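Pasting in a structure now, in structure tokens, and then I'll have a few things to ask.
A, B, C and D are the chain letters, set down in written order, and residue numbers restart from 1 in every chain.
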Amino acid sequence: MAAAVQRFLDSDLWWSFRRSPVTVVSAIVALVCILGAVLAPWIAPHNPFDLASLNLSDAFKPPAWDEDGAAEYLLGTDDQGRDVLSAIMYGARVSLLVGLSATIFATVLGVSLGLTAGYAGGHVDSVLMRICDIQLTFPSILVALLVDGVVRAVLPREVHDQIALFVVIFAIGISEWPKFARTVRGSTLVERNKEYVQAARVIGVPSLRIMFSHVLPNVIGPILVVATLNLGLAILSEATLSFLGVGVPPTQPSLGTLIRIGNDFLFSGEWWITIFPGVALIAMVLSVNLLGDWLRDALNPKLR
Amino acid sequence: MSNVAPLLQVKNLRVEFPTRRGTLVALDDVSFDIAPGEVLGVVGESGAGKSMTGAAIIGLLEPPGRIAKGEILLGGRRIDNLRYEEMRRIRGKEIGAIFQDPLTTLNPLYTVGRQLAETMTTHLPIGPGEARKRAIEWLEMVGIPAAAQRIDSYPHEFSGGMRQRVVIALALCAEPRLIVADEPTTALDVSIQAQVIALLKRLAREKGTAMMLVTHDMGVIAETADRVAVMYAGRVAEIGPVREVVKHANHPYSAGLMASIPPLDRRVERLAQIDGAMPRLSAIPKGCAYNPRCPQVFDKCRTYRPDLINAGTTQAACWLYDTEAPRG
Amino acid sequence: MRKLLLAAALALGLGAGWAEARTVRWAASGDPNTMDPHSQNVGTVTMVLQQIYDTLIARDQELGLAPGLATRWEQVEPTRWRFWLRDGVKFHEGQAFTADDVVFSVTRAQQPTSNYAIYVDTIERSVQVEPLVVDVITRVPDPILPNKIASLMIMSRSWSEAHNSTRPQNTRNREEMYTTRNTNGTGAFRLQSREPDVRTVMVRNTDWWGWNEPSSREANVTEIIYRPISSDATRIAALLSGEVDFVLDPPLQDLNRLRAAPNIKVVEGPEVRTIFLAMDVHRDELLYSDVRGRNPLKDLRVRQALYQAIDIQAIHRTTMRGQSVVTGTFFPPQVNGYSREEDVRLPYDQARARALLAEAGYPNGFEITLDCPNNRYINDEQICQAIVAMWARVGVRARLNAMPLAPFFAKIQRDDTSIYLLGWGVPTLDALYSFQSLLRSRDGGQGNGIWNYGRYSNPRMDQLIEIMTNQSGAPRDAAIREALRIYREDIPHIPLHHQMIPWAMRSNLTIPHMANNQPYFRWARMN
Amino acid sequence: MFAFIISRILQAVPVMLTVALISFAMFAYVGDPVAIMLGQDFTEAQRDQLVRDLGLDQPFWVQFATFIGHAAQGEFGLSYRLSRPVAELIAERAPATLELAFTAAALALLIGVPMGVYTGLYRHSWLSRFFLTFSLIGVSLPTFLIGILLILVFAVWLGWLPSFGRGDTVNLGWWTTGFLTVSGLKALVLPAITLGLFQLTLIMRLVRAEMMEVLRTDYIKFARARGLPNRVVHFGHALKNTLVPVITIVGLQLGAIIAFAIVTETVFQWPGMGLLFIQSVGAADIPVMSAYLMLIALVFVTINLIVDLLYYAVDPRLRIGRGKGGH
């Protein structure tokens, strides 16, 4: 029965997916971004991290279609002679890695705490939700900035640089878990009072099993929606932190880092160094957001 | 009954929901009349189309639902094709509505007095002072104690039963000729249901208001209605005087339904006695919609759809009463 | 209103050569962190304070010495310099300028909290001879005292005492005193208002003694509004859109665009500042390297390899966009003691670099961390990035540690570094200043090796520096020549280039370009 | 009402204490004030004296209490970087940030709420689709990129508006305002748009979702069934019910605006608290950072309190105790 419902849901999703050209386009864009990022080490034309391959005399090459451009560097090169296209692919990799990891971290944390709060109720619930409320009043970017700042200040610089990526993931993840907790808690409360859960309780099914086998499957839809929309936000948060110079370490430049570096060249005519990473970032976030929007509408037909 | 001009006429009403998998027919060929002052009970299982019929009459079908065929006439005037603004003037003024759940029907942010007054000033040529005075009277009429004080209370300050009384007052306050009451007691405590029904019945009689009472509670119907329409899968299965339908139902479905009424004053749960379940709108069988469950099914039922046919004291949509065709 | 007042002032004969309000809106990346003239010896502070405070000896437009508050000076004895002071000079708040103010200012600059000790290190005391004659007595003969005294800004004794400011503000322990935000100089402009990090407004001191000097006769600036704009892009956008008139430090990558823009001109010139890499040649094991038990940088061959691995022409061409003067030594020709023959680089030769590394026992290179500021010198971080890439090609795996100047200086000043990039300016325009600060052993002598964070120590170098300090004439010149040769052969630093400094401004502003990167608005004219 | 406020304030206390604890930890331990104050040359005796003077030999809780005491009086010591009292620095910068945040918030609200209501009511209209597309782009564009692009177009290419700073300001007592001069107002335009755009789109989308949610409720259907005019149903019944969640959202967004001001102020060199904060982060200026943190926390707690009070005013269900009891 559950499988049949699931199949129905899947086909339904598929149907609404195919009906919306915007969604199809954004899925393709997202797929291109993800593939480009994931496969960067194999398909990028150059390796921007291989310092020995950089040549300063190749610096500031415009895109290939410009008369001064070189076919070797499709989107031009930056001030160190790095291939912009390759840098974008590797940068997208970092952006995506941070965004995904932070979202997964926030999801796991938020879902477990939300389930616990919704299922346990009482003091556990009120304390957890109070924490949620407090944190939700602080914008996530500020929380991330503070977490990052404190870790930066506490750890010696060398140690920090090595784990900087994790710090950023942690900072962004910790700033976003309450949204998940809230969503899950709400759904859990609804599910908890349904007859089948009550019945399961009465016959002595362990709480943990009830939560994971009965409650969780019913809240997967909303979680998926929140997670998708949050992925876009997480990528933006990372870009913003990196733009402010407190995000990922410069040895692993993300799209935000590339934009920050390129910004210095925006007015001097070398626009490609900043515009292309900017376009890549927007394309990635916009496509993810569009997918999230579609998913929300598709899973929540009432809203249509 | 046919000697009095009917107040409401529903003729061959068809309501469709266009969906991505094709068009769902929610109501098909529904016809009935309500005379002035008459109470028509509409019964049937959930999803049979009872509430949909009510919504179609007050012109508030949920989009994308739409009337695809048929007519609705109020006092001889066609109202199903009116523009929104014209229909709005009729709602509340000519046709009042009562919804199922009094807990969600009232706007939580406005006092009951304000909601009553705004309804009256919208439809009646009275000022705010007069409206307030009448609001208090209405609250008294529906049995709210200390109405003069409670008029400035917010809905959440009332109990469920009291709220439904407020809703009744709201439905009646512009003195409509017809009330569409959609399961007015379902959400209430059993102990309160009878009081609310009694109130509704009394007011309708006093004001001479006709009523379409939608419910799946046969007990309520038996007690309140003059006539009753039994609906099944978006169609009227049988319609006739309440006594006849309850006692001598002609349609096999009605018969099964009536058999489920327990002896006096015991509440009826879902109709578990009929085997199987009502089909989904997307999978209504060919022929008579009831044929897969019908104990008296024969070939014709599986192929052709029956219309309402005179079946003695009632009209039933059943080939059993088709005098022209031989039984198979 | 202001125009009216100025017209009135003109009518009273207070001003000459200017007739109406001429405001220069000036922007640079950093903001001075104090208004105390003896507290912070950094360019961002002096560029504002030298508009307000005068020195005994001024600089002319070629950075030569010129009369300032002293009209004349003379080395009356080997250890005694005498200064004859200008008559009738008044501080902005009205106090008359006397020899006593000079004595006070010298003493103040010698306080432990002073950052200007290097300019007064040889001074034993100063005495008032007459109200307008002052003697400065040195512990040892100091031939370049006038060069140093030219950087010492003169304060009013009575004003300082009245405001509890008889010693320089101690920026290290974060104290605030009156001089943090207030000034009282004798200079061409006086401070009108100051909001740190936002704006500093100076207005013309119509009483200034120098307005009738030939160099200032055409000057007409009546108001200077300084705003720090740290973002390169924003600073340039502000100049292009006409919100500022003068940008002291336009980013190199924008120069072509600025040159092409109407109503904007770029004035270029060399700066007396040399960029180089300095190395830890003291520790037996580097703090930031994978080499254990020995310090590769102590090996001349390794230093030479790192040197020859750098393609300085590529950096000059691309990173600096031609705005640098490649060098093989550590101060530019404007500085007394410079020698063309000693300004020779080791050639760029990666094969040679690899061979040297192999010879030194590092055929596979080694790891090291390069500390680099990212907002102090022109394109500092980019230079370091380029060098890291170049080193990578000879097998030296350098990790770049780029930071803002505050943590950067804090780090290297703890000797907490293995190799770092530094830029060194020479305000005295004499070689000694560089030798003493950068290469002398840190032996506790005042000013000795205070910027020698690699702790280079060479007894012969120390001797030569001693000669430079105490002697003049031919022996001194010879000592400098020899020291420069040792510098070239011993490679305590890897020299890179002298900075060129472009100034960008609106076409209607004329201001002499100065190699010390200080704009002198007393010589500026707005049309 | 009074009890309600008191209970809300009591709930805010632990928040402030937690933030204060983080602040204090940064202040006391991260910066190592002794090392910074002593510089390079010191004796053990000097060091011990300084530790005593700073009260660092006291137990943790005593130090913390002292810190809170000082903080409550706005006493955060001197900035490492600027050698000036932190409270004074922040007081100087606060007007710039508050004026910017206020303008951005007003922009976001005055445009975002009507757009949200419109798109919620007329979901399928052409204009709604346009607004929605615009809003999606709005939430997907990072603030700094918007700022950079606006500067490029309006300051550099067109030369219409200034690209940095606050323009001329007028002093009103200790408050400096840019609202009273033409150049001040011009300088405000681009930063305010940059800062407000993201919030505008967010508010619009949230109002739209709320509106759609409310429009599906029974009481709206019932209001229609009572024949109330659309105007009354939409802007009376529906909008008022939308208001409750919208107030929360707007409260949160106001906080977000102050936080995102850090980015905007960096891009536009707007001399506010955010720029001060980022500059302090660069210079490891711990006193400024911890004071900023406390101040932001205070702002948020205050906003929350105001939000709760507005809730209280709008939603009668919260006014418990007044009801005469219907049961």
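Worth a mention:
Following the convention adopted for this analysis, a contact is a pair of C-beta atoms (placed from the backbone, for glycine too) under 8 Å apart; a residue touches a chain by one contact, two chains touch by 3 or more.
Labels paired with UniProt names: A, D = ABC transporter permease; B = ABC transporter ATP-binding protein; C = ABC transporter substrate-binding protein.
Values in this document were obtained by computation on a predicted structure and should not be read as measured data.
For subunit B, the chain whose average C-alpha position is most distant is C. Here the chain at the heart of the shown protein, by mean C-alpha position, is D. Between subunit A (ABC transporter permease) and subunit D (ABC transporter permease), the centres computed from C-alpha atoms are 24 Å apart. Subunit B has its Cα centroid 51 Å from the Cα centroid of subunit A (ABC transporter permease).
Per-chain Cα centroids separate subunit A (ABC transporter permease) from subunit C by 46 Å. The set of subunit D (ABC transporter permease) residues that touch two or more partner chains comprises 148, 152, 156, 266, 282, 284.
For subunit A (ABC transporter permease), residues that reach two or more other chains under the stated contact definition are 263, 266-267.
In subunit C, the residues that touch at least two other chains are 233, 237, 240.
Within the complex formed with subunit C, the residues of subunit A (ABC transporter permease) that make contact are 50-52, 54, 56-57, 59-60, 79-81, 157-158, 161, 250-251, 263-270.
Considering their complex, residues 11, 15, 22, 25-26, 30-31, 136-137, 139-145, 148, 152, 156, 209, 212, 216, 251-252, 255-256, 259-260, 262-263, 266, 278, 281-282, 284, 286, 289, 293, 296, 300, 303-304 of subunit D (ABC transporter permease) touch subunit A (ABC transporter permease). For subunit B in complex with subunit D (ABC transporter permease), the touching residues are 58, 60, 84, 88-93, 96-97, 99, 101, 104-110, 118-119, 122-123, 149-150, 153-154, 156-159, 162, 167, 170-171, 174. In the complex of the two chains, the subunit A (ABC transporter permease) residues touching subunit D (ABC transporter permease) come out as 130, 134, 136-139, 141-142, 145-146, 149-150, 153-154, 232, 236, 239-240, 243-246, 256, 259, 263, 266-267, 274, 278, 281-282, 285-286, 289-290, 293, 302-303.
By the touch rule above, subunit D (ABC transporter permease) contacts subunit B in their complex via residues 217-230, 232, 237, 240-241, 314-317, 323-327.
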